[in-house]
Structure formats: C-alpha cells, structure tokens
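Please find the structures below.
Here chain A shows up in two complexes: once beside chain B, once beside chain C.
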Partner chain A sequence: MKAKLFDYIEKDNFVFNLSGMTKLLCFLILTFTVMYSYDARVILVILVFSFWVLHLSEIRFSQIKIMLYYVLVFIAINFVLTFLFSPQYGVELYGSKHELFSLTARYTVTQEQLLYQLTKVLKYLSVIPLGMMFLLTTNPSEFAASLSSIGVSYKAAFAVSLTLRYFPDMIRDYNDIALAQQARGLDLSKKERLGTRLKNIMNIFVPLIFSSLDRVEVISNAMDLRGFGKHKKRTWYAFKPLVKNDVLALILCGLIVLGALCVAFFIDHGRYYNPFAT
Partner chain B sequence: MKKLFEFKTKTIVATGIGAALFMLLFMYIKVPTGIPETDIQTAYGIGAFFAALFGPIAGFLIAFIGHAISDAVQYGSPWWSWVVASGISCCIVGLVYPRLKVDEGIFGGKDILKFNLYQILANAISWIVVAPVLDIVVYGEPANLVFTQGAVAALSNAVSMGVIGTILLFLYSKTRSGKGTLSKE
Partner chain C sequence: MQTKEPIISFRKFSFQYYSQKEPTLLDVDLDIYPGEKILIVGPSGSGKSTLAHCINGLIPYAYRGTITGTLTVDGKTPDKSSLFERSKKVGTVLQDSDGQFVGLTVGEDIAFSLENDLVAQKPMKDTVQRVADMVGMGTHLSSSPFELSGGQKQRTALAGVMVDDVDVLLFDEPLANLDPLTGKTAIDLIDRIYREYKKTVIIIEHRMEDVLYRHVDRVVVVSEGRIVSDSSPDELVSSDILTGLGNREPLYVTALKYAGVPLTPALRPGYIDTLDIGQVKAPLQRWYAAQPPHPEKPLGEVILSVRDLSFSYTAKRRILKNISFDIRRGEMVSIVGTNGAGKSTLAKVICGFVHEDEGDILYEGQSIKAWTIKERSLKIGYVMQNPNQMISKPMIFDEVALGLRIRHMDESQVRQKVEQALKICGLYPMRNWPVSALSFGQKKRVTIASMLVMDPQILILDEPTAGQDYRHYTDIMEFLRGLNRQGITILMITHDMHLMLEYTPHAIVISGGEKIGDASAVSVLTDETMAERANLKLTSLYALAQKAELPDPQTFVRQFIDYEEARRRES
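This part shows the complex of A and B:
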C-alpha cells in the first residue's frame, strides 16, 4: 500500500504552466466528447491529440506504468465480456450483417461487432492520457481552486482538498492499526475462512473509523475558529490566473469538440459512424 | 431537529475525511467472493455509515469524490456512470439521517430495520436502474451486460452496507451517551 497516490513533480513546460482550471475544463469537455461520439475517426483524432499532449507534458513512463496496466486489464475484460454477453450488438446497432467467421451459431464474428468493439477500445484509450495529464501536471493544492473556479460550490471543493490532504494520513493510520492487530494474532491472509476474515477486517475498521471521527471533530473546530464558511465566496492561495496560453488551449479543445459535434450532426446523423449503410 | 440538507463545517470535514477513508478501502480493501471482478467493496459500508451520521449531501459527496478520485488514480479517468451511481446510493442512504438518533446512543432493532430498508432501496435504485441506464445512454454499452453487472454490484454492495454499516452504527451508538442517562447514586 503506497502512502503516496501519485507523484507531482513540477516541471516548466506548456502543459504544467497552464492553469488548473483550464486543464480541468479541457479534460472534462474532451472526456464528454469521447463518451458521446462513437465515430472511430473522430476518436482517433482525439487519441492522437491526447497522446501528443501527454508527450508535451514530459511525464515519464514510470509514473503512469501502473495505471496503464490497470487500464489494459480493464479493457481486455470488457472486450471479452461484451462479446460473451452481446455478440450481435454491432449488428443491432448498424442494422446490417457482414459475417467474418463463426464459432457457434450465437458467437458469429461480424464486421459490425468488430467495429463496435474496436471503437470502444479506442474510446477508453483516448481519455486515459487526458486524465493522467490532469492528475500529474496539476499541483494538488490547485485542485480545489480549479474546481471552485468552474462553478463547484467552494465547500464541496474544500471537501475534495481535505480528501487529498488526509488520504496519506489514513493510509498511515490503517497500516499502524493493521500491524498492531496482526501482532496480536489477527490473520488477514487468504489462509483464514471468509467469515473470520471479515470479522478480522472489522477489528481494524473500528479503531480506524473512531479515530477518524475524532479527527473530524478536531479539524472542524479548527476551521470554525478561523471563520470558515462565513462568506458566500472565498479566494484561493494556489489559484493561477488565466494567461494567453490558457485561452489558446481552451480554444483548441473547443474546436475539437465543435468538430466532433459537426461530424456527428452533419456526416453521421447520430452518435454512430456507419460505414455499412449504403 | 436535524435538517436533511444542512451543510455545516462539520459536514464538510466529515465529507473530506469520509471520502479519504472511502478511497482507501475502495482501492485496497476488498473481500473476494470467488467470482472474478466481483469483490465485496467494503468502502460502501463506510459510505453508508457516514451517510447515516451526516446526511445525504455528505453521503453523496463521499461516494462521488472517493470513487471518482480512486478511478482517476487507478485508471486515469473516472467511469462517470458508476461514479454517479455510487454517489446516489450513499445519498439515498443518507435520507435516513433525520430518523436516526445514533448520536444520542440509540440504535435498536427498529433503527437497524430502517437503516437496512433505506440501504437496500438505495442499492436497488442506483445499481439496477441508474448505473446500467447511464452506461447504455452515455457509454453505449450492451444492455444485458450492464444489467448483469448492475445486479451483481447491487447484491454485493447491499451485503457490504448491511453488514459493515449496521455493525459500525451499532458500535458507534454504544460509545455515545444519551440524554438523561446519568443517574444519582
């Protein structure tokens, strides 16, 4: 269990110097565009764009290796499950059937299904660099500022920043308690039966949660004493004001989204790109 | 009188701490059931516990923030339909908040029943209706796959909330002293 979630290593380049608000907005609108579009060509453009941005941001491969591994496993499982549960979903979507070869009567591989599933893989792949980029290139103290600047209530934004602040403490507490309980002979490994293991996990949860509730008390008193929540608005120490590059990045993302929407409305007449229609 | 949608400093802090706990459990502490990819997420037990203590807004934000950040850290990008469903499930559990008096040390048989009714309702709505429908509408996933996943999630999360949530609430109520419990010797 790592106490650090991700490494924020400051660099001086185009992506790092953008305001957190810009990166959050770009991340959100591009993610939602990819969610909406089922046109492989549009998604390919966004995929290339997002990998280009990842390259620009000079994030090292070792920083994203584990995420990449998780994502690939997830994509593989989803790919297999989709085919197992709905082998003819593509046929339904595109309204035509071009068989490639058949395994059994139900599991016939069609071009439509292949296009649908490959588009889906591309969709997943293309949003990953965007999320990683936002996480790894934004100073964690700037998260709350960027959230509140896109219109989230500052109280909710503050909760997010508390979460990030106290996550490492929680990990440390959990490890301390788990080690103390294991020293008393509590077995958490697979050797124990499921029921006993659940009970043993509860023996860690209880002190962890009670100490957290005490912590809630202490922190909220400290915040109340400093007058938190007195005004409707607040300013942020870590907020980076928008500069020329931010406007540039926002316009670029805006153009991509506009392009994707135009393709959907005027060329595909819907979310799906259908090369099989005659 | 407890207000349903109050958002005091204490609620905000409880949300932040709760979400950090939720993340920790969500990422690392799962109980495998034997079926691949369907672990019992202990995190929902904690989410329900905090929701019952601090109300629906705290519940929603704890699950939403916790799920979104852990997805982002693990997969690079949150899976929004399930993140929203997570939030809604803990939000609905939070609706039970004005009806409970755990703070005053009262959590008897009737309260356990109430909490579990809300919890089962919450899981049914969010995992059998909200998550699959959002998956189909937003992500264009095939219907029978997402409804199967949703049903499994509803069941395992209901177990997690029912067992862990109930036990925690019960133990917590034992540590609180109620009104007028002092007696003269």
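This part shows the complex of A and C:
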C-alpha cells in the first residue's frame, strides 16, 4: 500500500556512496557539456562514460524500464518532428549539401541533416542515464540537502522534501475518497463516458483539496513551532559530507568538461564538428 | 512551590481572533509554576486550544487578534517576533502526530529544530541519538513515517521538541489518535519524562480519566473562554463542575455517585488507586444488590454473515485470516482492535472496495460476492472518519442528493427523499446552507444523511466520534442510537471504550487479522487477556468492582450500563 514517488533501494557501491551534492553537480556539469557541444565524438565519449557509470551503480533494468520506454518514444518523436519541420537545418548549419536520397523536393535526406539529428539523439541518450542515476541512487532525504548545497534557497529545497513526504499521504487520501465516492454510485471505470468520468473525478478532487488544506495548517504550525525560517541558512541532518571519492568524481567530470572545451576551441574552432568542411 | 516565580502567568488575559465576533478567551488568570504537571480540560470550542496557542506563541505569530491583559512566559511578554525564542522554552506536541511529522525519516524529523538552528552535523547526530533513546525511538532513526505506529510517531514528535531542552512541554490532545493501551503508554512516558527531566508539563485533553491514570498536580477546567475551576483532581471530581459543563468525569466516579456516595476530597477520589475503598465499599455493595436483572433483548434474524474471510494486499502479509461472524438485524456492533489489525480492511471488504481472497459474505442469506460496490451501497452504507473526505458538493442539499442523482432518480422524488433524510438527521432547517457553514459534527450528519437517502439496511461507520468532546460524542451517538431504533443495523469501527461499553451491546475484537473475540462489550472490557491482545484497557468500573469486592465485577459493569441507559431514557 506504500505509494512512493519512486523506489529508493539502498546499495553499497561507488555511485550510491557519493554525496547527493556530488551527483547533482556532476549531472549538471555533464549536461552543460553535452548541451554545449555538437561534436558527436565528444558526445560519444560522454555517452560511453554515462553508461559505464550506470553499470557501476548496479541499478536493475526493471527499475528504469518504464522510464526508458518513455524516453525512447520521446526521442523517436523528436527525431521525426525535427525532420518534418526543418529538413534542411543540417545543410544550413554545416554549409554543404551531400544528398543521400530524396523523398520530395522539400524532404531531401542529406548527410548533414543525418549527422545533426544523430548528434541530437546521442545528446539525449548520454544525459538521461545520468539524470535517472541521480534520482535512483540518491536517498530522498538527501535531495533537499543537495539542492540547497548548490545554491537553491533552502525553503524551495525543503518544499521538495515535503512533497516526497506527503505525496504518499495524498495518494492514500485520493484512494479512500475515490472508494467512498464509488460507494455512492460514482462510476470511475471505463464503462462510463469520458466526459462523465472527468466530472466524477472532479468530485474526488474537491474533498481531496479540502482535506489537504486542513493538513497544511498543521504542517505549517509544526514547522513554525520548531523554528523553520529562523535563519538565512540551515544545516541538514541528511547531508552526506564530501569524501575522497566525491572529489575524484568531481575532478573526473571536470576533466571531461575541460576536454570537451579543448576539442571545441582547438580542433573544431566552435561548437560544431564539421566533417564536411574541405 | 509558591515561593518560586511562575513560568507562565496569565493576568486578566483576553484574546479575540480578528475573524470572530466574541473573544475566545476572557479574563483568564492562571499561574503555572516550574516543575508542575497541569491538565487542562474543557469541551471543544471552550478556548483550550487557544490557550495552548497563547502559551506556545502561535498567537500572535500565526493567528492574529486583539489581546488585552498580560501574559508572561519565563518573565517575557510575547510579541510577533518571539515565536522562535518561545520555542526554546515551550515545546509543543501537536494532536495530529502524522501531519506534524515533517521529516522523511525519524532522525530527520527529530533533527528538524536543530537544522533550523544551524547546528553542525556531528553534534546534531549525537543529540538526535541521545534524545531518541530517551523516548525509546533510538533504534528507529532511519524508519519512514509509513512504517511507524501512531504511538511511535508521537514519540518522535516528543523527541523533536526535546532536542531543544525546553522547560515546558505542552501536549495538545495527546490521546486523540491512539488506541487505549497506546494512550496509556503515552501517559506513562509523559510522566517518566516529567519526573526524570524535571520539566513543566501541560496536557490539554478532554479524556480526563485516561490522563488521571498518572498523577497531575492540578486540573484546570475551561468553559466558554473562562477558567471555571483550578484545583486538585480530588477536589475536582468531588464537585459537580464537570458534569455541568458537558465534560466527562471518570466512569468510576459516576458509579460512586449512582451508588449514592457523597464524594469529598478526603476520600481521595481523583485517582482510582488513591480512592479510600473502605468508605465506599458498603454503599457499592448495597447498590449492586439492589439492581434489577439485565433485561434480555430478543435477537433479530441474521442480516449479515461473514464466512471464513481472508484477504491480503500482497502475497506476503495476510491482513485478514479466516474471519467469521454474524450480525443480526437491529444490532449495534463495535469492531475493535489495534491500529493495523485489519478493522478498516474488513469494512472495505464488506463494502466491496477490495475483494476477498477466500470466504464469503452473505446478506440476508444471499452471497454478495458478485455484487459491485454500487450495488452493495444500496444495502450497506459506509461513512468515513473524516467528513471532509466525503463531501464533494458545496451545498448541503446537493451533497445529500448526489447518490440519487447519479442513479438518475426523478427530481421530485429526489427532493422528497433528501428532505426526509435531512429531517432524520436534524439538518432540515439548514437544507439550503452551504456545507462550509457547518461544524464537524453537523458535517458528519450530512455524510450520514447522504447514505440514508439510499435506504441502506446497514451503516458502517469508521471512528464516528474521533476527536469529539463528550457533548458532541453524546450528540452523535444518541443520533446513531435513534437511527438504530428505527431499524438500521449499525457497525462501528472504534477505539473508544466508552462508546463500546455504552452503545454497543455486541463487540467483535480483531487482532493481527484474526477474530479473537465476539461477545458483549461488557465481557470484552472485563477480560484481561483479550483486552491486552487487542490493545484495549479494562474499564475503571471493573477495577472499582474488584476493589469493592463485589461478587461479579462483570455484572456490576452491566448494571452500570443498564442504569445509565434507564436514566437517559427518563430524561
């Protein structure tokens, strides 16, 4: 009956033992790098790196299966739409045109377009494992502390923690209310027309909102009474202090960024790798 | 003690919320000295929660209003900015032990106040461990609130305010959400903290008998914003102040009064343990001998029959194991047992919200296994604990009519049925009011009315009186008894032993998913082993009967209930 936002299963390995702050920082740094660079070679290196770390973290495939399917569908749609809306963007970008084959006059497939779109796919694929890893290998208790440690206001960071805390309660309330409404004859099953079903779901949200508002008063009183908001800062019980491995991980990520920037400055002379230039 | 300065001192203190027309507190004069243990009682709306808000500083920090007179806490007069300073002096444990649990784990929740004080991590962890050990939560630091019982959550909340080494501990209705035995443990724990750590303790609670299980120095009675009594428990129960104000006095005290014992402080009647039994034995024995035999009521035919019912959410843990019982038409039955014993699940299976793994449910001899939730709801109405979770329409009439309109009943018929249900529930004059204008008890009636329009034969109510003071409790229960007399069979899931004893002749006891008792409420509450297994407490009437050496304590309890019912019927 425990409905949690996602399942955190504690493990003892290099990735799990890193501080949440390290993982968040590495994730952000590498995301920045991948967003900046359009050099497929650099991105490929990061892709391999992120899958290697995913392997290290010992996350089971079943844990990320659903998320992964959503992501793949998203990438596929994105791939098709990019081609539909700007089929010649690659040509513009690289300043040359090597046709492969032609569907219509507008939709001509070029090597340039293919390289551009494949680079984009690689970008998504290399960042997503890192994001999932941060979510799945960081103790939920540490989220707020990690966010706050990279400069997010602690009140906003604590809101994340409160969401994780009370989300299961809301789900439980929702289920209880839904049952009570069904007992009065409200049909939420697929037998009912969509419009009626939506209206019936509204009948659940009204009591859910009112009973949640009751709770907000209790929570805010409890927080006030224990001094929340007293100082400009606060410390965190669940913060994992940085150790040697954290520094190592940060240096490694730093080197990757540096490498990527070097490639951009000295080899590509810009963000794009252009194999078509002569 | 009188030579010390009071730590909390009200002088001619009045408070009026900006949103209210009348002051909620009026001319309060109250001194609380360091090291005292005080119980504050009073019906809902008497101002006792407001008094607590004044003491802990939420007034004037979070709730605004007009203050006249003075209040000093540790020599200081509070102002809007002093809530944080105050929280270092006065630690408050709120009533809702789940809602006030703001951390994701026990450790984080206890540390909350230290985090806000910028305490470094190492000393913070040490303090958390030390304080958690004090309340017996030291081995649960990484547990999430979903894995804890109500009592454990309350202990966590207590630890969360004790990390600040406060002088005053303020408990707002600490027993409200606990089963009787856990409540008893909580009172023991509060008493131990009070003695070992020399705290000043203030307990706000209307279940006086349960608090008086341990010593308190003074009982302060609040009514309509004023303090009407401030005395020792012995003096208080010897007077008639409590009964006049719709508060409940301890049951054994009521029994002594019925037996014609003139109560005086000299009898030490404040606690059952100190009561001078030698002086009351004779009148009790005389009263016992004079009572008429228990009237046997004819039983109706079986209306609901549960046969070998088993249920589990997951393969690992079975919630209900082979439960069987019969409910007869016109009965009032309580289903009791510990939190998580499976009581609510049982109700859910009966209503068809979840499906049994094995066993059968018969309604008037016919299996209802194949019935949908909607079909069952025409026979069995289910009323949730919190009316706010059931009410989805802004107007009373529409709310009650909802179930009929969904079934596309003709509007003129809807009107007739709704009006009839509203009349039964005493809500007819308010039929065109918005729901938001109603009190908690009235909302409860709305939810019951919205079930009644569907003409159910059985009503199942989850904790119908939770969090209600004696007067509202009596209102709700008398109303249910009235429905019962009109032929509706009533099942109640409850923790309240008074309710069980006074209103439900038949009790079903569930423990660990199994039925361990199915008998009269009187025999359940006088059976030591059963009460213990189900986290119940023996009634103080039983203890009194034993002390007075009455021939059969169980008969005495039954006599008391019969006598009370006869009195109520007369009045």
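Remarks
Note that in this section the second predicted complex is superposed on the first by the 258 of 278 C-alpha atoms of A that agree within 3 Å, B and C clash if a C-alpha of one lies under 4 Å from a C-alpha of the other, contacts with A are read in each partner's own complex, and residues count from 1 in each chain.
Going forward, contacts are C-beta pairs under 8 Å (C-beta built on N, C-alpha and C of every residue); 3 or more make two chains touch, one makes a residue touch a chain.
Quantities reported herein were computed from a predicted structural model and do not represent experimental measurements.
Of the two partner chains placed by superposition, chain B and chain C are both touched by A:Leu164. In the overlay built on the shared chain, the residue A:Val206 is in contact with chain B and with chain C. By the document's definition of touching, of the two partners only chain B reaches A:Ile128; chain C does not. In the overlay built on the shared chain, the residue A:Thr82 is in contact with chain B alone; chain C does not reach it. By the touch criterion defined above, A:Asn13 reaches neither chain B nor chain C. Of the two partner chains placed around the shared chain by superposition, neither chain B nor chain C is touched by A:Ser102. Of the two partner chains, chain B is the only one touched by A:Val71; chain C is not.
By the touch criterion defined above, A:Lys155 lies against chain B but remains apart from chain C after alignment on the C-alpha atoms of chain A. Touching of chain A by both chain B and chain C, each in its own complex, is seen for residues 1, 161-162, 164-165, 169, 202, 206, 208, 210, 215, 219-220, 223-224, 228-229. Those residues of chain A that touch chain C in the complex are listed here as 1-2, 140-141, 161-162, 164-165, 168-169, 173, 176-177, 179-187, 202-204, 206-208, 210-211, 214-215, 218-231, 233-239, 241. Chain contact summary for the complex, chain B toward chain A: residues 7-10, 12-21, 23-24, 28-29, 31, 37, 42, 46, 49, 61, 65-66, 69, 72-78, 80, 138-145, 148, 163-164, 167-168, 171-172, 175. Chain C contributes residues 56-58, 61-62, 83-84, 87, 92, 94, 96, 98-105, 107-108, 111-121, 124-125, 128, 145-146, 160-161, 313, 348, 351, 353, 373-374, 376-377, 381-382, 384, 386, 388-393, 402-403, 406-407, 450, 454 to its touches with chain A in the complex. Across the interface of their complex, chain B is touched by residues 1, 5-6, 31, 35-36, 38, 64, 67-68, 70-71, 74, 77, 81-82, 85-86, 89, 120, 123, 127-132, 135, 155-156, 158-167, 169-171, 174, 194, 197-198, 201-202, 205-206, 208-210, 212-213, 215-217, 219-220, 223-224, 228-229, 271-272 of chain A.
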